[in-house]
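Each chain gets a letter, A, B, C and D, in the order it is written, and its residues are counted from 1.
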Amino acid sequence: MNFILDYYNYWVVVFLMMAGFYIVISANNLVKKIVGLNVFQTSVFMLYISMGKVSGGTAPILVEGVTQYSNPLPHVLILTAIVVGVAVTAVGLSLIVRIKRAYGTVEENEFEHKDDAI
Amino acid sequence: MFILDIVSSILLIAGVFFGFSGAVGLFKFPDFFTRVHAASVTDSIAAILVISGLLLQTSFDLNTAKLVFILLFLMITSPTASHALAKSARHGGLLTLAEAKTENKGADDKQEQAH
Amino acid sequence: MAELIDLVLLAMLALTALRIIFLKDLFAVVMLFGIYSFLSALIFINLDAVDVAFTEASVGAGISTVLMLGTLALTGRKEKKNSHSSLLPLLVVTVTGAALIYGTLDMPPFGDPDNPVHQHVAPRYIEESPQEIGLPNMVTSVLASYRAFDTLGEVVVVFAAAIGVLALLGIRRKKDSDLESGLKEHKVLHVIAKIVIPHVILFALYVQFHGDFGPGGGFQAGVIAAAAFILYALVFGLPNTLAVASPKFLQWMASFGVLLYAGVGLVSMIKGGQFLDYNKLAADPIAGQHYGIIIIELGVGITVFAVMLSIFYAFSSQAERSNVQ
Amino acid sequence: MFEQHLAALPVLLPLIAAPITLILGRSLLSWGFATLVSGCAFVVSIQLLAAALSDGVLSYALGGWPPPWGIELRVDAVNAFVLLAVSAISTLVLIYSKDSIEKEVEKSKHSLFYTAHLLCLAGLSGILITGDAFNLFVFLEVSSLATYTLVSLASDRRCLTAAFRYLVMGTIGATFILIGVGLLYMKTGTLNMLDLASRIELYDSNRTINTGLAFIVVGIGIKMALFPLHMWLPPAYTHAPSAVTAFLSSTATKVAVYVMIRFIFTIFGIDHVFEKMGMDIILMALAVVAIFKCSYMATVQSNVKTVFAYSSVAQVGYMILGLSLVSVTGLMAGVLHVFNHALMKGALFMAVGAVFYRVGSVDIKAFNGLGRQMPLTMAAFTIAGLSIIGVPLTVGFVSKWYLVTGALEQDNWVVAALVLAASLLAVVYIGRILEAAYFKKLPDNVDPNTVKEAPPLMLAPMWVLVLANIYFGIDTSLTTEAASSAAEWLFPSGDTHSVSNVQEMSK
């Protein structure tokens, strides 16, 4: 029982990551691929934040009389990673808009046939 | 403080009830406009009740002020959002259920959009 | 109690993720992603990461969702039937997932204060940053001082995204403003927007400068300020917004933010310290840290604001273009 | 003051120059400024290499915070050597791109092109010199985002799908690295590379750390187009503007190879990776398959850029083969090939770009009869091509020599024979193009007067690289000294002094 309590959080996060990863590699529609990429990354963020948690701790903002704080370092890393994620999303989505204009479709198997291989 | 706790609990429970009923309505109601109505219950009365309940839990410090601000903001924005949603739907040519019945042609299509 | 909330939220996240996999309606997929983002923000709060939750809610759920919806408006909302076999992806995912599960078996238990993560490096941030930096919010201290170079890199990533979007889409200014733009009919929206927008900008400034003491900082503030302008553009039309903040001006602002950040580093170099060594900025190290952090957070805020707004301009001017056609 | 900040300058210069380039706006002005800055970065990296070779290690604590609390920049012989190649190629490509992008990129986007190029350079330099695992991820994303932009700037619509595929694969790779770094952080509590190394050593065999290693290797494998994760590379290199292809093919994947070397040799240690996990067998098998499969693919393509894209994947195979030999000579061959391959592929893609500039196509038929029309370009092409094959007196020979020596040292005759056999495939794909250029006639529908020699600003950087190919092929002392000291620096895995170093600095 203790074993499960110690790790259930990580297991669910692994499941979520894999759900996102599955969307990325299986989706045919480019917008859905980007959504999947975001789900994947957001779940990785949860992995980081989970490891920063201290049971009984509070948010790492100095308060009188509190000694137990959660670890601020994963929070900082994930702040950075979130912004990196939105930057990639923005560029990916603008590529999709251009692809739609050039090919008339955003389904991968449809525009694959519109050009010669490679 | 005991009475305050009770009042606050009642408010919170009432808020949860309205939130829940809004969610049920969102699923059960037949067309777009009735659903907007159900959804707007959650972010108007339910939110007001929950925040009022929380207000009574604070010790009248900075947090109280913050909650009041949130309440004010919600009271301005959420009815506006519901209004804009319904109006856009109307503007886009969506009919209510009663109107759609009289005007049978093409009604199926539009209902699909509402889903 | 916290574990229970955590469990419920995680279950909701799993359901949302599964729905995203199977739904074909992309509009619903994007909205579900917004929900996914908000739910994860709630989990972040539950795990004490208030700054991260704030950023996830404003950046992940806010800006990302808006951009995805903007893209859907241009590309259509129905996903076509997938002809590919889903066997290979399933296999890849299973193997990767199994590897990760295998990796979790030696992980330190969740929430244990004796974990290596809490024993090495981090204790200094928690115990000494209030004296060394003089700020109560440790996340800001680490973000803006100990690991300031990461944050500089992050601002540059945002800047690079702006370069990418500008190169791909560009921003077209409409000479003829006769096309219908904004929501002219909505009187209620006009009035409410006029009331709300200044307050949103005020809130953005609060978040910007209060970040040293509570959750918040340049990123969140930049995004919130951009959201105010996006609201203006939605209600009053893009041409009016372009008149307030022109694309060229935003490009300047984005560059200026990065330069402001790097400039702080250069000044500290001139004063004899290492790059971004704020201790050298003033006679008193603590005061130096304060100056440094305020200025670089401002640089971050300016760049993020300008970039987010530019990206929105690029997407929405595409939409107007396709409306005309 | 200049000396003191030497280690930080290669990344700071392009990073600060990028927004200024955007503000300058005008095409010519931003070109001049970007080239100047890149040139300065090149000068700095020469001095860094000299300093690293004489003093060993330069450490720079950003913000004045001692590692592992702050971020450390750390320059030693390995990354200084790769940095030299990257900044040199960047400068030459920038000179080259003034004329090249004229034909391939819209006029209004030229200043964006130069800005993106500088951002990419800043990102790559950041990856090279940082001593912090998470900082590496951030700079990886800076360079990747700039790269996606650069690839998508071409006028052919196929560049868009290629860039999108690159973006998805690249982001998956970066996320895998993020997961791997997270798992390491979870077990060690630190992000500084040296500190990580000394703390990973404390665990004998740990499932979390092994999983972290696997994720990092796969993530970097995607970034460096390690077979079978290379599918994004051929379309991206084929459809990107020529100047971009020349830059990326000789820098981006090489930097990823460096990251792989850094993680395996400095952070995890060869004991852990090779002896306990048996990673060398996997890497060697993948490398050999990559060399043969992709060299073969290169022989059947009709688009010359695609030919060299596949050839690049095969060449990455050589580098990985070198490090999978697990010996100083093998590692040295790998590091040497990173540098040498940059010289040859840079020259080749520049020559191909020059052909596109004049003929407007890079199909193999477009090369017909060019030997006469563009003698200087094709001469450069020929020499660089011979270098790819590994003909003596070129750099290609030098790196293959050390690779074969490294294999023979371990009596690994099979690998040595395979390396030589793969060179025959290179003879085929280079030979096909040379045959078209020298033994076929210019098609009748092409006016011989329009197809003439490339402009001098394109020829000059191309020939600088070709001469470097020959110079470093004859006088090998400089490159081999740098590579061997890099390999020796990495090889004893530096455990004893890394630990003492961290303790020293934390005081």
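Please note the rule applied: a contact is a pair of C-beta atoms (placed from the backbone, for glycine too) under 8 Å apart; a residue touches a chain by one contact, two chains touch by 3 or more.
Since the model is a prediction, treat every value here as computed from it, not as a measurement.
Engineer: Give me the chains shared as neighbours by chain B and chain C.
Structural biologist: Output, common partners of chain B and chain C: nil, no chain qualifies.
Engineer: On a C-alpha centroid basis, what's the spacing between chain A and chain D, in Å?
Structural biologist: 28
Engineer: Report, in whole Å, the distance between the mean C-alpha point of chain A and the mean C-alpha point of chain C.
Structural biologist: So the centre of chain A lies 13 Å away from the centre of chain C.
Engineer: I'd like the Å distance between the centres of chain A and chain B, where a centre is the mean of that chain's Cα atoms.
Structural biologist: Distance between chain centres: 30 Å.
Engineer: Please set out, as single numbers or ranges, the residues of chain B touching at least two other chains.
Structural biologist: Residues of chain B never touch two or more of the other chains.
Engineer: Mark out which residues of chain C touch at least two other chains, giving numbers and ranges.
Structural biologist: Residues 100, 104, 107-108, 115, 117-118, 121-122, 125, 147, 150, 153-154, 157, 160-161, 164, 168 of chain C touch two or more partner chains.
Engineer: In chain D, which residues are in touch with two or more of the other chains?
Structural biologist: 134, 138, 141, 145, 148-149, 152, 179, 185-186, 191
Engineer: On the basis of the stated criterion, which chains touch which? Give every pair.
Structural biologist: A-C, A-D, B-C, C-D
Engineer: Which residues of chain A touch chain D in their complex?
Structural biologist: It comes out as residues 17, 21, 24-25, 30, 33, 37, 40-41, 44, 47-48, 51, 73-74, 77, 80-81, 84, 87-88, 91-92, 95-96, 98-99, 102-103, 111, 115, 118.
Engineer: Enumerate the contact residues on chain C facing chain B in the complex.
Structural biologist: Residues of chain C touching chain B: 183, 185-186, 188-189, 192, 195-196, 199.
Engineer: Can you tell me which positions in chain C touch chain A when the two form their complex?
Structural biologist: 3, 6-7, 10-11, 13-14, 17-18, 20-21, 26, 29-30, 33, 36-37, 40, 43-44, 47-52, 55-56, 59-60, 63-64, 67-68, 70-72, 74-76, 79-80, 82-84, 86, 89-90, 92-93, 96-97, 100-101, 104, 107-113, 115, 117-118, 121-122, 125-126, 130, 136-139, 141-143, 147, 150-151, 153-154, 157-158, 160-161, 164-165, 168-169, 213-215, 219, 304, 311, 314-315, 318
Engineer: Taking the complex as given, what residues does chain B use to touch chain C?
Structural biologist: On the chain B side, the touching residues are 73, 76-77, 80, 83-84, 87, 91.
Engineer: Give the list of chain C residues in touch with chain D in this complex.
Structural biologist: The touching residues are 99-100, 102-108, 115-122, 124-125, 145-150, 152-154, 156-157, 159-161, 163-164, 166-168, 170, 251-252, 254-256, 258-259, 262, 265-266, 269-270, 272-280.
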